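Multiple structures are listed underneath, in structure tokens.
What follows is chain A paired twice: with chain B in the first complex and chain C in the second.
What follows is the complex of A and B.
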């Protein structure tokens, strides 16, 4: 597996490695999005548990190369694992097969454990790779790259405006909550609390809607006709081609290895 | 007479920012209407939020109604007795109708629905806002929102009023009406305001917040 690790670690010439942004950030955002997509597709297609360790390792290396803050990234991982935890815990008991052990009289099957393991490995590998390749770019860069990848402009506008205004809505929520606290509101299990929190959410929605209309008016006043001009300039470079070629080779290798491994059983 | 609210040597900084308060102290006595002025971003709103425990200072003490206030639980009583009118009335008005919004505070104080609604009518008539009683809050004009948010606070019968830029975005007529209302209220007030005419009419004393410290303002023209 040594050569695999080396391969992902050197997608860029050595001189770019030492530069501030790091090797992953030197790649074109479009390359990173497509790479993450291809990686996810191949990882999902792999059946062998053993072979699945390779994509996980690749994602780990990409994470190091992306130089993301470790703590924060692992926190996000844990959040994602929270979603699949339920599935992973239940699968051994819901998939029929030879019993591995019993819990309160319920049999846990080997087949279920294997499936749960595969799901956990796949999910973690894909999320790690997404965080490393896509999560390391500015949300606006993601939006611009998506437009250039011919994703419908409407969806991209949704993304860009969400990124821009989610903090505004969040700020509004917190200011209103503070104002409620100031009028001696302490949430409890009663109708008054439920009604008040309901009003709060309703008011946030009404305000967000009104704000969006005001924003649109302001945009129209500045000549908006449904197209956001994108100033970013993106270019595929040699390192993108190199990275794409290496990744493609590795993904093909992974698929072949998986066929061999599964075929051997 | 002892002070209603006292703050001593408050220090506060937002994360990764230079300190906004660096040893600010003040005291508010009954019947006083104290103005706080200072440049934008000097920390005036922060100061108000510290006084009612929405923010905790990194150092310094807050005393209110004769007791030291440190923990969240200490501030529950403070918030029952101090009314804070926010800078943006939209932060405060969140119920569908004016009557519901004004009743929100009294209900939080444990009043029955009937008592709360009686309080609503009393406060609305006191501020001459009865005609707005069943209006939808987010469709009020800016001036109406300001007065209704004041009504929502007055309905809790506070001992002290904290007003954050009360004349912001008000026209002259509504400002005059607000001044009239405030002068008739018995409560002690702490008013953050940039409006010199408003301050001259309303306040009894002024402090200036500068470089994180509160001090009496220097006279505008210094005799040579």
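What follows is the complex of A and C.
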């Protein structure tokens, strides 16, 4: 969230895109995107609870290698766990099976607990890996990598514009909220608060449109033709191939181990 | 509500992915390069709006505002909301990768439907009709989203039925709140800059700008 919302962050020069401290940032952005995708697909396919501990450990290693601020990243995980908590609480009571314990006379099944645990492990492992491999990228590097991965340029343009203006609009939002606070606005559950927030959002949209008109004029003035200039030279290097081979071997191993483990039951 | 990786069954994930690609293709057809700055800044605004928390009693909910996005963006709501979800997944860790398609459809399809149904009322001259359209758009979009989340959970397995019911129940107050906020926003836009409702969705078929 830091670099998406932070307006003061200095933009990285194009040639430095994707590069940075740590082994993860030395990899090509495309490698990181594809790796996160492959990791997610394999992790989702694993059935055994024990085997699922391995992807979580892999994600933990990737997180350390990406050198992301640990506290912030783990705080973000808590948000993911809001939904999981919800399922974890309900699933043991809705999956039929041998009862593990009773709560107010309701049986909680072992099978339900196992399923909830599997979801929690999968979701956390994938989100951690995603934050480590892709979340550690400059948002612009993400856009440029996506274009090179054959994502439609129009969609990537939209992504880059959104990334660029989130910080600007967020700044505007906070200015308006400060103005409201100065006038003793305290949000509550009442029509006055909801109307004020509605007007605020409406005003943000009106200003957004007016800003976009100025942006378009400025772009036309500079001869914008619609091509996305790809200044960065992304190149697959030997370490990308090494990383890909290692990951592929580990993911294949995971799938094999899972089949063995499930087969053993 | 972001569904996480690992909860849904494979057929549901694949179906959601295909539907999302279709919606994105249709949404991108509604956009041209000329409209990208407007769509991008509006998309950023909806991203920021989704960070706003509204107190409900002792707790609070964050807004989704997909109804208003549908009114303003039309089919372009699909790529705009997809971009928002992608950024949230990658940089915030909300949601996941394999569920990205399902999450996009759950939020963007109600937005588009509501936009098709109610945009005419929202940009009309009658302010009462506009306010009512806004109210309906905000509330209906959330209800449809909650129903779709419930549907994909139910399709993924009978054990999710209690969770699916709870999702719908928990979104009822959110629908009321989003409806009221959306109504206020529509009233303001209708008075201040009604062109906003036709910035990305031309009121009548017209020659494309070149």
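In this section, the second predicted complex is superposed on the first by the 237 of 265 C-alpha atoms of A that agree within 3 Å, B and C clash if a C-alpha of one lies under 4 Å from a C-alpha of the other, contacts with A are read in each partner's own complex, and residues count from 1 in each chain.
Rule of thumb we're sticking to: contacts are C-beta pairs under 8 Å (C-beta built on N, C-alpha and C of every residue); 3 or more make two chains touch, one makes a residue touch a chain.
This structure is a prediction, so every number in the text was calculated from the model and none was measured.
Student: When the two structures are overlaid on chain A, which partner does A:202 contact: first (chain B), second (chain C), both, or neither?
Tutor: both
Student: After lining up the shared chain so the two structures overlap, which partner does A:192 touch, if you call chain B first and chain C second: first, second, both or neither?
Tutor: first
Student: So, does A:178 touch the first partner chain B, the second partner chain C, both, or neither?
Tutor: first
Student: Given the touch rule stated above, what does A:50 touch, chain B (first), chain C (second), both, or neither?
Tutor: In the superposition, A:50 contacts neither chain B nor chain C.
Student: When the two structures are laid over each other on chain A, which of chain B and chain C touches more residues of chain A?
Tutor: Of the two chains, more chain A residues are contacted by C.
Student: With both complexes superposed on chain A, which partner does A:99 reach: first (chain B), second (chain C), both or neither?
Tutor: neither
Student: Touching chain B in one complex and chain C in the other: list those residues of chain A.
Tutor: In chain A, positions 196, 199, 202-203, 206, 210 sit in both the chain B and chain C interfaces.
Student: Name, in rising order, each residue of chain C that touches chain A in their complex.
Tutor: Per the touch definition, chain C meets chain A at residues 1-7, 10, 13, 24, 28, 31, 33-34, 36-45, 47-49, 51-52, 54-57, 63, 65, 68, 72, 79-80, 82-84, 86-87, 89-98, 158-163, 166, 177, 180-189, 192-193, 195-196, 199.
Student: Under the touch definition given earlier, write down the residues of chain A that touch chain B in their complex.
Tutor: Contacts found on chain A: 172, 175-176, 178-186, 192, 196, 199-200, 202-203, 206-207, 210.
Student: Can you list the chain B residues touching chain A in their complex?
Tutor: Residue list for chain B touching chain A: 49, 52, 54, 76, 79-80, 83-84, 86, 88, 90-96, 100, 104-105, 107-109, 138, 152-153, 156.
Student: Using the touch rule from the top, collect the residues of chain A that touch chain C in their complex.
Tutor: 1, 3-4, 36-37, 40-41, 43-44, 73, 76-77, 79-80, 83-84, 86-87, 90-91, 93-95, 112, 115, 118-123, 126-128, 130-131, 134-135, 139, 142, 152, 154-155, 157-166, 168-170, 173, 187-189, 191, 193-199, 201-206, 208-213, 215-216, 219, 224, 226
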